[in-house]
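So the structure is just underneath, and the comments pick up after that.
Note that the chains take the letters A, B, C, D and E in the order they are written out, and that residue 1 is the start of every chain.
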Amino acid sequence: MNYHWDWMFFFQETDDGLKYYDWILSGLGWTTAVSLASLAVALLLGSVLGVMRTTPRRWLVGLGDAYVDVFRNVPLIVQLFMWFFVVPELVPEKLGIWMKQDLPYIVTAVVGLGLYTAARIAEQVKAGINSLSRGQRNAGLALGFTEWQTYRYVRLPMAYRIVLPALTSEAMNIFKNSAVTYAVGILELYFQYKQIIEKTSQVLEITIVVTSCYFVLAFVMNRLLAFIEARTRVPGLIVGTKGDK
Amino acid sequence: MIEIQNVSKWYGSFQVLTDCTTRVDKGEVVVVCGPSGSGKSTLIKCVNALEPFQKGSVVVDGIAVEDPKTNLPKLRSRVGMVFQHFELFPHMTITDNLAIAQVKVLGRSRDEAVERGLKLLDRVGLKAHAAKFPGQLSGGQQQRVAIARALAMDPICMLFDEPTSALDPEMINEVLDVMVQLAQEGMTMMCVTHEMGFARKVANRVIFMDRGAIVEDAAKEEFFGQPRSERAQTFLAKILNH
Amino acid sequence: MIEIQNVSKWYGSFQVLTDCTTRVDKGEVVVVCGPSGSGKSTLIKCVNALEPFQKGSVVVDGIAVEDPKTNLPKLRSRVGMVFQHFELFPHMTITDNLAIAQVKVLGRSRDEAVERGLKLLDRVGLKAHAAKFPGQLSGGQQQRVAIARALAMDPICMLFDEPTSALDPEMINEVLDVMVQLAQEGMTMMCVTHEMGFARKVANRVIFMDRGAIVEDAAKEEFFGQPRSERAQTFLAKILNH
Amino acid sequence: MSDFDFSVIAANWAFLAEGLRYTLQVTVTAMVGGILIGTLLALMRLGSITPLRWFAIGYVNVFRSVPLVQVILAFYLILPLVLQMITGKPTPIGAANSAYFTFTIFEAAYYSEIMRSGIQSIPKGQIAAGYALGFTYGQTMRHVVLPQAFRNMLPVLLTQTIILFQDISLVYAIGATDFFGAADKITQRDLRPVEMYTTVAVVYFIICFLLSRLVKRLQTRIAIIR
Amino acid sequence: QLTGTLQKIKDSGAITVGHRESSVPFSYLDANQKPIGYAMDLCAKVVDAIKAELKLPSLQVNYQPVTSQNRIPLMQNGTIDLECGSTTNSVARQQQVGFSVAYFVTSVRLAVRKDSGVKDIGDLDGKPVVTTTGTTSDQLIKMNEKGKTIDVRNIYGKDHADSFLMVESGRAAAFVMDDILLAGLIASSKNPAGFDIVGPSLRDEPYAVMMRKDDAPFKALVDKTLTGLMKSGEAEKLYTKWFMNPIPPRNVNLNFPMSAAVKAAFQHPTDKGVE
C-alpha cells in the first residue's frame, strides 16, 4: 500500500490558527459534554420510566411500555433527525421558529440521545426491580411504607446495585452513540474526525488516534463505574455477576 | 382483634380463597396449616391487605382493611409480619433495618429508633451483630432480626408466614424459641407453620386449609386429638410420621 | 466399596475438610449428618471427584479417584448421585432426562435407554408423567425422577446430598419411601441427611461431621444411644427436639 | 412543510426494498455467525486456559469500547490488505461483502457477553449433575448447559438482534446500500429528506416493534417451561 | 513493459471504477441504480482508451460506489483503479493520490432563500451559515471570517441534503458550497424558484479524475484521453448533455451554462491542485 504516513500533521497549524490536535481536543470536549449530559437525562428519565413500569397502576405501565416501544425501535440517527427537522414543523409556528433559531443545537442533541438511551435504561431499571423478590416489597409495605417509600428505601437501592453492570455498558455506549450527534451539527469528535480526514486525507493516523480516544473514554467510564460498584457493594451479599473485568 | 369474614379471592378465573371465615382474639395464638398451595400465605396476607380480595371483609382492631378509605400504611405499621425468606433489606445494616421504618413511618427520631431497635435485638440475642449486613448472618439469625424489626414497630398483633421453613434444621429452634416466648408474653399471633411441636406448645387454635377453604378450625386439643376431616388426618399423618 | 483416607481440602487458605477417613462397604447404608457448613456436601462430592481435594485418597471399587490417569466420566457413570435441588435438566422431558446419559455415556441405543428409564420411572410411581417436563412436576416427584435417573445407569453405589431438605414437609415421605426400599434391596448408599427417622430405619452407620472433620463414625445404635462427642449431642438435641 | 411529497417513495420503492433485503441478510448472517463465535468466546472466557481467557476478554473489551461506525470503516480498509498479504495479489472484497464480515466479528463480542451471563445463570448443580452422570466437559456443555443458557437468553439475544438490525444503518459509512443507505442516497439525489426520514422511521418502527413483540411472546413461553 | 495500474489491469483482466451515488450530475445512480453522469461518461472514454492501449477489447469493468470519506483509502489499497465523481484536486490530497487534468471547475458561492434578503457575503453578518461537514467549502468561511470583518455563526449539515434543508426550513441564512452542487439541489427542491445562488466566487476548485499516485504511464493515458475530448469539442457536447438538458431520473434541468473557468480549463487543461 503506497500510503504516505505523516504523524506530525497533528501539530500543523490550520486556517483558524489552531493546530489539528486542538480540533481533536475540542471534539473530545464536546463528546464528553454531550455524553455526560445525555447520560444524566437518560438516568433520570429512565429511572422514572422503569419505576412506572413496575407499579400496580395499569395506565402508568402502559405509558412506560409505549415510550420504550417507540424509542427503542427507531434508529438513533433517525430519531435525531426527527427532533431536529420534523418536530419544529409540527409544533406551533412561534415555538418552531424559536426551536430553529434560538435553541442551541446541543440541547436537541442531548434530548435526542438522552431520550433514546432512557428507553434502554428504563428496561434495565425495570428488570432490576423485578429481579428482587416480591417479598421485599411486601416486607416494606408490611412495615407501613407507602408504595413510593418501598421504592425509595427498599427496591431502588438494590435494583441499582443489581443493574450496575448493565448500566456500565449503557454508559459506555452513550459515548459511542454520541458520534451520531454530528448529524445535528454538534462539533464533537466524530465531526472533527471527518473534518480532518477531508482536510488532510491522513486517514489512517487520524483513525488510529480517534479510535483510541473513544477507547479511552469508554475505559474511563468503565473504571469509574467499577469504582462505584466496589464502593456500593454490600458486605456478605453476592449479587449477579461481578461486572466486567 | 382480627376478624375474617367470608373472604374469597380469585386470580383471574382461578379461585385461591373460598369463603374463609375465622377470627383471632386478643392474646390468642392461631396456627394455620395445610398442604402447599392451599392458600395459607394468601389468607394471612389478606389480613394486612398485602393481597387484595374480591369478596368478604377483614377487620383488624376495628378497621376494615378492604375499605378504600382505610389508611393502609398506618394499619400495616400496627400489624407485624414475618416472612418465610426473612426479607431483611440486604443493603442496610441490621441497625438500619430495625430503625428505618420507625423513622420513616412512625416519625420517631433516629436515636430513639436505634435505641428501641437495639433493645429488641438484644432480646433476640443478637446485640453483637448490630453493625453487620444481613448477608453476613445465618438464616436463623436473619429471621430473628426480622422478628425484632417487626416488634420495633410496637405492633398490636403479629403474622408469621412459614418463618422456619427456609431454615437449616439446626436453626429452626432458635427462631421457634423466640416465637414461643412472644406467645407466652401474650402477643396476638397468627402463624402459618408446619412445626407441630410449636403448635402443640403454644397455639390456642389450629386452622387447617385445603384448596383455598378453611376445612378445620378447632381448639388445639381437638385438632391433634381427632381431626374431623379425612384430608386433615392424612395431612397430619404425613407430616408427623417421619 | 468406598474408601476415604485422610482426605483434606482447602479453598485458598480455608480448610473445608480435615483428614477425613471412613469407608462404606458393599451393601452398607451410611448416613452423614452435621451442622450447616461442616463439609458434608464437600465430602460426598469427593467420592465421585466432583470436588478435587489436595491430600489423601478416595478409592471407589478399587479405583483411586485422585489418580490423574483415572477415567473420571467412566467412574462417575458407575456412581449414582442425587442432589438437594434435584437438578433434573429442565429443558428435556422426563423420558429424555432418564435416557440421555444412558445413550451418550453408556452407548445404549435410545430404545433400550427409554425402556430402562420407563421401568425405573414405574418403580418410583411416576410412569404417567414420562412425557412431561420437570417444571410440571412437584418437588417430591422431581426428586423421585432424579433417583430413577441415577438408577438407570446401573450404579454400583448411590450418593445422596440432602435429598429431602428442599421439599415441602408433605413430600418428604414419598422420597424417603423410595430410598428406604432401595436400602432394603441392598444398594450401597452414602446419604447426607437430617432425617433421623430414615437413619434409624435403615442406616448401618452414622457419621457426624463438624467443621470439616469427622467427629463421630459409629454404628446406628451406638450413635442414637449415646453419642460420644458433646457437639453431636447438642446437635442431635437441636434437630430432634422440635 | 405541510406539503409532503411522498411520490419520491413510490418512485424508488424497488431500490428501498433491495436495501431492506440487504439489511435483513446482514442481520441474519451476523446473528447466526455472531452467536456461534460469541458462544465460543464465552466458553473461552469461562474456561481455565489462561491465554484463551485473556484473548476473549481482550476481544470483548476492545470491540465494546469502539464506535461501530469506525470498526466498519477500519475493517473495510484493512481487510483487503490482509487478504493481499495472504493471496499475494490485491483482493478487493467490496463494501457489501465486508459488512457481513465486520458485523459478525463485532456482534460476536456482544453476543458473547450475553451467552456468558446465560451460562453463568445455570446453577452449578446442573453442571455437577451432568458430571455425576458421567458426561465429559464437552458433553455437559453440549447437552446440559448451552441448551439452557441459549433458551434463557433467547429474549436477550433477540433484543440484541434488534439493535443489530438498526445498527446495520451505519454501513452508509462505507457506502454499502442497506435500507437506510438506500434512503439516504435517494435523499441526496432527489432531495425529499423529511418525507424519506419519516418513512424510514415508520418502517424501522414496524419491523422492530413486531420483533420485540415476538421477544415478549417467547419470554412468557420460556417462563412457562421453567 | 507495463507497470503500476496498467499492469494490474492487464493481469486481472478487469478495471474497477469508483463512482459516487448522489453527486448530480457528475456521478450518481439513475432509476435503475446504474451509475451515470458527466464524469461517468468521461471515464467511459478513458476505459475505451485503456482497452485499446492494452489490446483487451473484452476488459471487464467493475463499478464500486465510494463516499467522500473512503475514496482515498480505497484508491490506495487497490480496491478502485479510477475514481470518477466530484473530487476536488487539492495539494493536500496530492500527498496521497494522483489527479488527472481538471474536467470541471466549480466556484464556491452562497445559496439563499429569495425571501431572506441576503444578496452578498456582507448581508450575512451575525447570521447562521451552513456548510456540510467534511467538505472543503467550510475552510472558506473560516478564511473569510478572518479576512473580512463579518461575523457569521457556522453550523454544519451531515450532508448536502441536510444543509440545504437548513436553508429551506429557515435554520440557516445561507449555504456555502460548490455552485454546481447548489444548482443541483435547487433544481431538485420542491420550489426551485424560491432560491438563488448569490455572491462572488469565494474560490475556484478543479474537479479531476483520481488515480494512484506516481503512476506516470497511467496518468499520461488518462490525461491524453481527457485532453483529447476537450480539444475535439466532445467534452463540450457532454457538458451540454448533462448541464443544459433534462437529466434522469426526474428530468430536472440544471440550466448551468459553462462558466469562464470551465472554458479556460478546457482550453488549457491542467492538473494543478488548489491550496
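Assorted remarks:
Please note the rule applied: a residue touches a chain if its C-beta (ideal position, glycine included) is under 8 Å from a C-beta of that chain, and two chains touch if they have at least 3 such contacts.
Given the structure is predicted, the values throughout are model-derived calculations rather than measurements.
Chains that touch both subunit C and subunit D are absent from this assembly. Between subunit A and subunit E the centroid-to-centroid distance comes to 38 Å (mean Cα coordinates, whole Å). Mean C-alpha positions place subunit C and subunit E at a centre distance of 80 Å. Mean C-alpha positions place subunit B and subunit D at a centre distance of 51 Å.
Contact with two or more other chains is made by no residue of subunit B.
Shown for subunit E are the residues that touch two or more other chains, namely 69, 73, 77-78, 162, 165, 169. Residues of subunit D found to touch two or more other chains are 1, 73, 77, 81, 193-194. Here the touching chains pair up as A-B, A-D, A-E, B-C, C-D, D-E.
Within the complex, the subunit A residues that touch subunit E are 1-4, 6, 15-16, 85, 88-89, 97, 100-101, 105, 182-185, 187, 191, 194-195, 197-204.
Of all residues in subunit E, only 8, 11-12, 16, 21-22, 24, 28-29, 31, 33, 64-67, 69-70, 73-74, 77-80, 159-162, 164-165, 169, 185, 188-190, 249-250 touch subunit D in the complex they form. For subunit B in complex with subunit C, the touching residues are 35-36, 138, 165, 168-173, 176, 194-195, 197-198, 235, 238-239, 241-242. Of all residues in subunit A, those touching subunit D in their complex are 1, 69-70, 72-79, 81-82, 85-86, 89, 169, 172, 176-177, 179, 190, 203-204, 207, 210-211, 214-215, 218-219, 222, 241, 244-245.
Within the complex formed with subunit C, the residues of subunit D that make contact are 123, 125-126, 128-129, 131-136, 139, 143-144, 147-148, 151, 224-226.
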